[in-house]
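One structure is given below, encoded as C-alpha cells.
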Amino acid sequence: MPDSQALDLQAILDDIYTALSPRRGEGKVADYIPPLARIDPKKFGMAVVTIDGQVASVGDAAEPFSIQSISKVFTLTLAMGKHGENIWRRVGREPSGSAFNSIVQLEQEGGKPRNPFINAGAITISDLILAGHTPREVIGEIVRFMRYLANDEDIAIDPAVARSEAATGFRNSALANFMRSFGRLDHPVEHVLGVYFHHCAIAMSCVQLARAGLFLANAGVTPLSGHTVVSRERAKRINALMLTCGHYDGSGDFAYHVGLPGKSGVGGGILVVAPGKASIAVWSPGLNHNGNSLLGSLALEMLAQRTGWSVFGA
Amino acid sequence: MPDSQALDLQAILDDIYTALSPRRGEGKVADYIPPLARIDPKKFGMAVVTIDGQVASVGDAAEPFSIQSISKVFTLTLAMGKHGENIWRRVGREPSGSAFNSIVQLEQEGGKPRNPFINAGAITISDLILAGHTPREVIGEIVRFMRYLANDEDIAIDPAVARSEAATGFRNSALANFMRSFGRLDHPVEHVLGVYFHHCAIAMSCVQLARAGLFLANAGVTPLSGHTVVSRERAKRINALMLTCGHYDGSGDFAYHVGLPGKSGVGGGILVVAPGKASIAVWSPGLNHNGNSLLGSLALEMLAQRTGWSVFGA
Amino acid sequence: MPDSQALDLQAILDDIYTALSPRRGEGKVADYIPPLARIDPKKFGMAVVTIDGQVASVGDAAEPFSIQSISKVFTLTLAMGKHGENIWRRVGREPSGSAFNSIVQLEQEGGKPRNPFINAGAITISDLILAGHTPREVIGEIVRFMRYLANDEDIAIDPAVARSEAATGFRNSALANFMRSFGRLDHPVEHVLGVYFHHCAIAMSCVQLARAGLFLANAGVTPLSGHTVVSRERAKRINALMLTCGHYDGSGDFAYHVGLPGKSGVGGGILVVAPGKASIAVWSPGLNHNGNSLLGSLALEMLAQRTGWSVFGA
Amino acid sequence: MPDSQALDLQAILDDIYTALSPRRGEGKVADYIPPLARIDPKKFGMAVVTIDGQVASVGDAAEPFSIQSISKVFTLTLAMGKHGENIWRRVGREPSGSAFNSIVQLEQEGGKPRNPFINAGAITISDLILAGHTPREVIGEIVRFMRYLANDEDIAIDPAVARSEAATGFRNSALANFMRSFGRLDHPVEHVLGVYFHHCAIAMSCVQLARAGLFLANAGVTPLSGHTVVSRERAKRINALMLTCGHYDGSGDFAYHVGLPGKSGVGGGILVVAPGKASIAVWSPGLNHNGNSLLGSLALEMLAQRTGWSVFGA
C-alpha cells in the first residue's frame, strides 16, 4: 500500500474527475422538494483533507450543497456528547435492511428505530438533543458545531430547503407521530421535526464537509485546532455505525466496493472517513436506486483503489 | 496503538480467560439438535494467530467444536473462486435486518437471499458450489479446503451433527423449497441441503479455525505456506461482508463493540479477522439473544481494547 | 327456524341479560383516552328493533355511549351517497388481516387502505366526505344524518371525547400523514382528522343505534319513516363489508359465531344487522383481545342462537 | 325477491351463457403444471341444483375439471367430523389479507395458518385427517366422501394432475416444512403433502360439484338422500368460513359483488352456496388477478342479481 504522504492526491482527484466527467448527469436527482429538484445534475465536486493537513479538491468542491442526511453523523455526535451510551435506549444500531424511510420496521419493533441514520432514528436523535432547550437554541447549536468542526463561519442553513422540507414532510411527520404514539418522543412532534428539517437543510461545500469530518479519521481530535471532539473510542464507534448503516439499504454494497465508513445524503453528497488517513467528501446530485450518489459512490471506489485506503486490509 | 510485535498476546488471553472464567456457563446453548445440546456450557477456548507466526491460546482452544455458520465464510470463498462476481446475481450483500433464518424477506424479495451468511444465502452458495459435481465430491472439496487453509489433516465433519441437522432441518428445507419455487436453485433440494448440512457439521478447534482464517488478515495469502488463496481485493471484500453481515441481527452491535470483521456460529464459535495483524477464534457455547456466543463476543471486545485492533481507527 | 313475529324478543333479551350478568366487568375497557377509561365496566345494554316495529331492550339500553368505529358504517354510507362506486378508487374492500390500526399494510400497498372500517380507511372516507365543504359543515351533516336515521334529535357529539381523541391521536395522525405522503388525501391532514375524531365521538344509546341501522336490515328503507336511505343493492353491499371487515382481526370469528353483519367500536358497542328481520345494538365496555366487546359478542351469539337469525342458513 | 320455485333457472343460465360467450377465453389460465396449462381457455360450464331438486345447467357443465382448492371445503368438513371444534387449535378462521400462498404470515404467527382455505391451512387439515391412517386410506376416504355427497361413483382423482402437483409443489413443500419446523404437523411432510396434492387433483363436473355442495345450502342435510352430513349449526359455520375466506385476497370483493358463500379453485371452478335455496358451480379456466375465475365470478354476480339470492338482504 502506498504511503499516505507519498500519494499525489490532487493527481488522483484530477484523474477521477476526468474519468467520470463524461458520465456527469447520470442518476436521478432528488425531486421531492423544489430546491433540490432545481440543482444542476452535472455538478460534481470532491475534496480530500488528510490528517496531516493536505487538501486536494476538484470540480465544484467549493460550492455549498444541501448535506441532508450527512448531518445525521454530526447530530449523533452531539447526542452522544449529551447523553453518552444512554442514547441506545432510544435507538438501535443495526442496519435497517429495508427502504430508508420505511415505517414497517418501526411498527414491528414498537416504535424504536433501528439506527440513528434512518429518518426515524435521526428524528429520535433530534428529540434527544432538544432536552432542556428550544428548537431555535438547538438548531443554532448544530450550526455552530458544524462551523467549529469545519473551522469556517460561513456555514449556514438554506432557509428555502428548510421551508420546503417542512411543507412536504408528510412521511417524516408520519414517522414522528408514529413514534409519539408509542410514547417514544419527549418533545412535541412539531419541535422535533423543526430541529430535524433544519439540520437536514444545512448547506456545505465538499471542502467544508471533509474538514468537518476529519476528527473521525483522527481518533476524535480535529487536527485543524488540536481540540478533542470525542474520545478515541467514540470516534471508532461512530465510524462503525457509518460503515454498517450509513447508506440506507446500500450499506453492504458500499462496504464491499469502497471499504470505508461513510454517510450519504439525498442531496448527492457523501462523507467518507479513512481512519488514520483522511476525510473525504464528494458531491454529485444524481442518485442510484438506493438513494445514494451514483457518481459519488463510483468516485469513492476509484479513490479507494488508487490510494489503497480500506478498513478491510491493506 | 501498541505495535503488534510488542504485544504479549498470551498474557492478554490469560487475562481475558481469568476475567471471564466466573461467567462460564452463561448464555443459552443451542439445543435444536442433541449433539449441540449435549455440549458442556462451561467450555471456553480462544486462539490468536498473527500474520508473522505468533500463536497464543487459552482454555479449550485445542478442542474441536461444531463450527456451524462459520463455515459459510469458507464456502463463500470457494464459490467466489468458482464463479467470481457472478455469485451476486444469486445472492445479495446487504445486512438482513431480521432474525437469522427468517423466511419473510425471502418472500418479499422474490427468493433472492439478502447475503451469503444468512441460512438462505448459504444454501444458495451450496447450490453454486455444486455446479457440475455430486454432493459427495463437493463435501470432500470443502473439507480438503479447510485442511489446506489450516494446514491440518485432522479436520473432519462430525457425522452425528450432520445426521441431526438433516433429520431436523425443516426450516432449512422450507427455505430451500421456497427458493426452488422461485426457480432460484439449480440442483435438487436434497443435494443442496446435503452439502449445506455437512459443511455446517465441520468440527475444528480454535487454533485450527484461527489458522484457516489467516489469509483474510493477510491480503489473501496464507502465511503458513505462502500460497495466495484469494486476491488482495477479494480478501478485503470478504472481510467487508463479514463486518456488515457476519452476526445475524447483531452485526451492527458487533461492529460497534469489537470493530473487526467476524463470523459467528450457533455452536458458540466466532472467527475474527484483524486485517494486517492476526486471525482470532473463540469458542464458548452459551449464546446471546442474537444467537452469537455471549462470552465469545465479550472476549473479543476485551481483546480489541487491549490490542487496539480495530478497523475503525487506531 | 322460528318466525320473527312469533319470537318473544323481550324474553330472549331478559334471558341473555340474566345469563351474562355475573360476568359483567369482564374484558379490558379502552383506556387510551380518559373519557373512555372512566366508563363503568359493568355497564350492559342491548336493544333489538325489528323491521315491523317491535322494540325490545334490556339493561343500560337507553344510556348513550361513545359509538367510536360504529360511526364508520354511517360515514361510509354518506360517502357512497356522494361518490358512489368511485370511492373504491381510494379504499379497498378486503379484510385487513392484521391489527386494526397497523400501518404496515398501508406501506406495502402504497398508502391505499384495505377497507373503509380500519382507521386508515375511515380517515380516507372522511377525506372523501369533505369534498367542497368545511370540517364544521361535514361534522354537522354526519350528526344530522344520525338523528334522521334514528329519528331522534337528541343525538350529539361528546365534546370531551372529541378533544381527547384529537389530543392523543398520534397514531391516527401518523396514518393520515402517511397517506398524505403517498398523495392519497385531498384535504389538509388537520381537516380530515377533525372530521374523523368528531364522528368517532358521537354518543348514542343502544336503542338509538339499533334504530339508525334499521335501513340496512330493510333493503335500504328506514321503516320508521318509509324513506329510502340507500338502494336495495347498496344496503346488501354495506352489509357485506360489515360481515367481512367489521370487527378488525376478529371478523372471521364473528361471522363464525354470530353469523350476522356487524360493526364494533372500541367503546364497547356493536351494531348488528339481521337482513329482513331486525337491527340490534349491544353495549358492554370490556373488550376481548381483538378490541371487540367481549360480553357484547357473547350476547349476540346467544341472540343468534335463540332467534335462529343468521345469514348463513336457517 | 322472486320465489325460488318461480324462477326459470334454465333461462337465467342460458342468458348468462349468451351474455358471457363473447368473453370466453379472457383471464389467465393457471400454468404452473402442464395438465392445467393445457386446458382450453374457452371452456365454460355452470350448474344450479336447488334444494327441492331442480337442476339447470349450461355449456360444459358435465365435463370434469380439476377442482383444486374447492376440495378444501370438503376436507374441512371431514376434519370437523373427526375432530370437531378442536381443529381451531391448529388453524385460525380469519381472512388472510395477503396472497394466497404467502409464507410471511405463517412466520409472524408462529406457523399457525390463518384459515383452512389458504394452502398452509389446508395442509394442516390434511395432517388432521391423517390421524391414525395412511395417506392411501385417507385419499380413498376423501374420494368416497365426494362420491357420496354428489351421489355419483364416477368421481375420481386425475393422476396426471396429482403427479404434476407433487413434482413441482416446492412452495407447498416449503409451507409444510416450515410448519413442521414450528412443531405444527403430526405426520411426515411427505405423507401430509401426499394427501394434499391428491385431494386437489380431484376432477368433477359443475353438476357433480353443485350436487356435492348442496348439503351446505340445506342446513347440513343432503336432499339427494336425506342424510345428515353435518349439523345445521356446522353447515352455517362452514358457509361463514367460505364467505370470509373462500377467495384468497378477493374474498371481500366476492362478498360485495356476489353476496354468497363460495370457494374458488385455481382450475377455474367456483362452488357457491345460496342458503335455503341452491348450490351452484361454475367453471371457466381464465383467472383474475386474485387467482379466481374471471368469467365464473361475473356469471355468479349475474346469477345473484337475476335470482335475488344474497345472504345480505332480499
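Just so it is clear, A, B, C and D label the chains in written order, and each chain counts residues from 1 on its own.
As a convention for this text, a residue touches a chain if its C-beta (ideal position, glycine included) is under 8 Å from a C-beta of that chain, and two chains touch if they have at least 3 such contacts.
Predicted model only: the values in this text are computed from it and were never measured.
Engineer: Show me the overlap between the contact partners of chain C and those of chain D.
Structural biologist: Both-contact set = empty.
Engineer: Is the contact between copies chain A and chain B built from the same residues on both sides or from different ones, judged by whether over half of the numbers are shared?
Structural biologist: The interface is built from the same residue numbers on each side, given that over half of them are used by both copies.
Engineer: Averaging each chain's C-alpha atoms to get its centre, pick out the one most distant from chain A.
Structural biologist: Measuring from the centre of chain A, the most distant chain centre belongs to D.
Engineer: Chain B to chain D: how many Å between their CA centres?
Structural biologist: About 48 Å, centre to centre.
Engineer: Can you give the whole-Å distance between the Cα centres of chain A and chain B?
Structural biologist: 32
Engineer: Taking the mean of the CA coordinates per chain, how far is chain A from chain D in Å?
Structural biologist: The separation of the two C-alpha centroids amounts to 56 Å.
Engineer: Do you know which chain D residues sit against two or more other chains?
Structural biologist: In chain D, nothing touches at least two other chains.
Engineer: Would you mind giving me the full set of chain pairs in touch?
Structural biologist: A-B, A-C, B-D, C-D
Engineer: Please output the residues of chain D touching chain B within their complex, sorted ascending.
Structural biologist: Residues 102-104, 107-108, 170-171, 173-178, 180-181, 189 of chain D touch chain B in their complex.
Engineer: Mind listing the chain C positions that touch chain D in their complex?
Structural biologist: Interface residues on chain C, with respect to chain D: 92-98, 105, 114-115, 216-217, 219, 232, 235-237, 239-241, 243-245, 249-253, 255-256, 259, 261, 275-276, 310-314.
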